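In structure tokens below, several structures.
What follows is chain A paired twice: with chain B in the first complex and chain C in the second.
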Partner chain A sequence: MQAINQGNKKTVIVLGILTLAALALPLVGIPYQEYAMSVLTFAFIYTLLGQSWNLLGGLAKQFSLGHAAFFGLGAFATAACSSLGVPALISLAVGGVAVAIFSLPIGLICFSARGPYFTIITLAIAEILRIVFLWRPELSGSEGMLLPPSIFSTRIGIYYLTLVLTAASIFTFRWMARSKQGLALVAIGDDEDACSEIGIKVKYIKSSTLFVSAGMAAVAGGCYGLFTQYLSPNDVFSINYSLEAIFISTIGGIGSAFGPLVGALLVSLLEETLNPLVPGAHLLVLGAILIAIMFLLPKGLVTLFRKSDDKQGPRMQIKIKRRQPAA
Partner chain B sequence: MDYSTLAVQLFLTGIFLSSLYILVTFGLTMIFGVMEIVNFAHASFAILGGYACLLAVTSMGMDPFVALVPVVAFMALIGWLTFEFFARYTLDVGDAHVVHYYALLLIISNILALIFGLDYKFVPSGLGYSQIEIGPFKYPLLKFIVAIISLATVAGLSLYLKKSVIGKKIRAVSQSKESAEIMGIDSLKIRRITWIIGVSSAGLMGALVGLVNPFSPYAGTTYLIVAFSVAILGGMGSLFGTIVAGFIIGMTESLFSLFLPSQISPVVAFVFIIGVLMVKPEGLFSRA
Partner chain C sequence: MLEVKQVSKYFGGVQAVENVSLAVEEGEIVGLIGPNGSGKTTLFNLITRIYPLTAGDIYFKGKLINKMSPSDVCHLGISRTHQIPRPFHSLSVRQNVSLAYLYGRKNPGDRAEANSEAERLLELVGLKDFAQIPASQLNDVQCKVLELARSLATDPKLLLLDEILAGLNPGELNFFQELILKIRSELKITVFWCEHIMRVLMKTVDRVVCLDYGRKVCEGSPSVVANNPEVIECYLGKAAGE
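So, the complex of A and B:
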């Protein structure tokens, strides 16, 4: 999208082709089609999760290690709604909004801490949720929860749903990053105290961003539930999802709208190629890649796709409108 | 069971838990004090120590308590390697170092998962369920010995830090790196030593835990959070704070084990963390 600002026709064309290809995938009869759709669906779900983390971590440098909390809550909220007979799409929406509202008191708890302490407190919350859900049978216990089938339990249905949601998340991120809120977030990431000194409503901005972030992660969790039709607290609240969110965004492009997508595609690629050979090996490679990225390409893989004068990314894209001087 | 026996049981269990928590947090808080780094991979070093001990006992037939010595030596080597080839480069990164250390956590956990698989293992101690008798009270011998070893190590480290030249240098760098350097202390060397001590003590704690509880490559998360609780409650960087906080959290958890099923007991530590971070983020005793 930065490319559009710059009028780089080539990138726009490539993006357009890729989008059309993605839309057409379920319709053409290529070999391994179902497999590709499954892999891409998971990639899109991870992208949503990563994008939600990116809002806080990429823009405002609030590194959360507990996004699995919102992912898991969204999954269970959606599951609970659809078990009551609510249609899948509405369950998803209700889940997203419910978790977003729930994030407000959570934000109150988490944002009282800064820097690494924020990270620790978010981790603690995710772990508490995991243990509590595992413990209480009303909340699912160790047996987990099943979801009733819906249009979205078909491969095609969930594929298109996640594709559309991913596109929506990219637009949402870009819109937010370019808005005054986004600018404030970047400023908060740089120096929070200075921000409150000059009158930026730090608490409000952090909370509202968390609201959107939690909602997005919850929708990702809901899609996961609709797709796999079975949820277990040890799975959806596990630290793995929190870590995935971080890796995806950091490797792909922290603070960039397309970053999580690039990262998720890479992670899925690694997982599908390496897992059959040596289970778990992809995580190892991921760790190594992450370290390499942190030292060599700190802004993530998207920097490779940018023109050399644009390595900074979103921060430089905010255009200042000039009034025409009176003749 | 009458109340006095129960009380003694709870007390001894509290000491046992506290000793392990203090041991693992010691390294974490030292590393933070001297290097300003929150080592998210700390618990994976502990688990690594557990597996090292397992290997020593099962493949080399060593007695588990004798094996602790080579395990610590091995962990010191690991500490040196990870410092030279990794930690050293993360010192100037600032807040973003959290991501570096998550990556390290990932790498260590998954190397262990690849080598040992995901099922839970534990280190056989040869002591079974034998009990030690203290006056009229009985307590599992194994836990007793583990607690003694942990407390002795903590005491030894504290003494070392207080009295030895290097210990004083470590405390100096922890207070102010710049001032220490002006006084001629090689801060890189001190950081290396601190890191190695931190990693080794984590590994020792892991080996000791392995004797008592089954563990798996990813089991570190719970201990990581408990270590953070203790470190934050006591004040990151303060060793005395760690000791006090370790006892508080260990005793509280032991007490609550009466009312809560065992899977829930980590929640006690988590609630502590949240409470402390909301009310007094610097902890009880701020930076030594």
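So, the complex of A and C:
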């Protein structure tokens, strides 16, 4: 399993310092403070989305191309709730739960197929939702939807909200990855038929994981809506979000709890710094850097923080003898 | 214990299994032989419900299992190994076995119990020293043994072995033969065993069923089946001039 190093004291200290720095950022006066906060906020929203994809894609190798569906639905559900006067935080929770429940029939459809067919169905579902939302004015129509201002439409409010949720998503992932179900998910990624032959109800495991994953993506969408205060179907259901989720998880470290965060931070950092450095060609350079990372660190950036012996994944140097026959 | 009644399986126009009936009684070790492509593995895939049946019925302990899911069949007490081993490569050897313990039983214990049971089974099959390494590091023989331990972890009543002896050296053949006998005598598990290594199979089993082109050719004690002219013909062909 691609679990993270356990109980490493150094790691805990470094993480603690980074968390404190992140918590203190809005409180201390540094140059470009507001700018840094908004960059980080979007990185956190992408982390949530990436983590949600990582639960299924990273652990069970179920490569969804449709997580924009849950992102968009979550955004609109949160928007609908808060425009009825429900407090923002409750709207966000309602959106998450509603979308998680909505994912159950979606899972029933998607998980009747495997491999590339699964991927294509998820892609289609996100597109269908985009078109339905554009088409029906009572859902949003092409005009989109406005959200009332709340504490989370301020930079500082949304910053803390997404920071806390990102931490929660990392804990959720670790907890799931180490649970009995996490073990089953990894096994499903290896061989589904062999899983069902040892009594694992494969569809149930996948669907219940999708339930959590969809809820997480919906919360990411809800945060996005609360901050931007305007949603349009062409934006939130766009395949870009699905791709971004895969992208940052893969760059950061697929199947790793910190992968999406590391990936999201790197991609945001590169996007922001490359633009002034190589104006006009920044996406080109970004693409080249990301390809290089995939070649050099196929298991993602998190491998840089691991002990050297498992950089290539778990490859221990143990001589394997052919078992001695019993006399 | 296991009753296969007039079972057929067609893949398009190919009749992989054609109107096969057989029974396995509790406590038996039954061999399943036949040339390559005679439908042995397909029959196993039908029993474990990986493939849907074209026709016929399969009963296990009196229950019709035609429409059950593979995981339900496992919970009912049927477990198998594969001709080409299929361990979970991303998991450690012990995790492979404890996962089967956690999901394959109706009332599994907690993780600690699963781990200790896994250790016990790995010791039984001789993989104890490899418990912590990733399954992807095992060699082919070790993968077979791991699959066997994984199957046993689901607490089966009936174990289907699919060519578990293929590619083994003489010492390993002996080890497996003893292990299979031990599985029956100590773990009280009935064994239905498909195999090409006749020398070992015929010494171990109580009864043999022979398939050819998806049909049952003959059934009986090892000596009867070995001398049956139809069985000889399907393996060696007819003598010239006949």
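In the analysis below, the second predicted complex is superposed on the first by the 280 of 327 C-alpha atoms of A that agree within 3 Å, B and C clash if a C-alpha of one lies under 4 Å from a C-alpha of the other, contacts with A are read in each partner's own complex, and residues count from 1 in each chain.
Following the convention adopted for this analysis, contacts are C-beta pairs under 8 Å (C-beta built on N, C-alpha and C of every residue); 3 or more make two chains touch, one makes a residue touch a chain.
Model, not experiment: these values are computed from the prediction.
Student: Would you check which partner chain A:W175 touches, where first means chain B only, second means chain C only, and both and neither mean what they say?
Tutor: A:W175 sits against neither chain B nor chain C.
Student: Applying the document's definition of touching, compare chain B and chain C: which contacts more of chain A?
Tutor: Result: the larger residue contact count on chain A belongs to B.
Student: Output check: A:Y35 vs chain B and chain C. Expected answer is one of first, second, both, neither. What do you get?
Tutor: A:Y35 sits against neither chain B nor chain C.
Student: Is A:G199 contacted by the first partner chain B, the second partner chain C, both or neither?
Tutor: second
Student: Applying the document's definition of touch, where does A:Y230 land relative to chain B and chain C: first, second, both, or neither?
Tutor: neither
Student: Let me test your reading of the model: by the given contact rule, A:V186 touches which partner, first (chain B), second (chain C), both or neither?
Tutor: Second partner only, chain C.
Student: Which bits of chain A are touching chain B when the two form their complex?
Tutor: 61, 63, 65, 109, 112-117, 119-121, 123-125, 127-128, 131-132, 134-135, 239, 243, 246-247, 250, 278, 280-281, 283-284, 286-288, 290-291, 294-295, 298
Student: Using the touch definition up top, name the residues of chain C that touch chain A in the complex.
Tutor: My answer: residues 48, 50, 69-71, 74-75, 79-80, 82, 86-92, 95-96, 98-100, 102-105, 111, 126-127, 130, 133-134, 137-139, 141-142, 145, 150-151, 153-154, 169-172, 174-175, 178.
Student: For chain A, which residues count as touching chain C in their complex?
Tutor: It is residues 1-2, 180, 183-184, 186-187, 189-191, 193-202, 314-316, 318, 320, 322-326 of chain A that touch chain C.
Student: Taking the touch rule as given, give the residues of chain B at its contact with chain A in the complex, in rising order.
Tutor: Answer in residue numbers: 38, 86, 89, 93, 95-96, 98-100, 102-107, 109-111, 113-114, 221-222, 225, 228-229, 232, 261, 263-264, 266-267, 270-271, 273-274, 277-278, 281.
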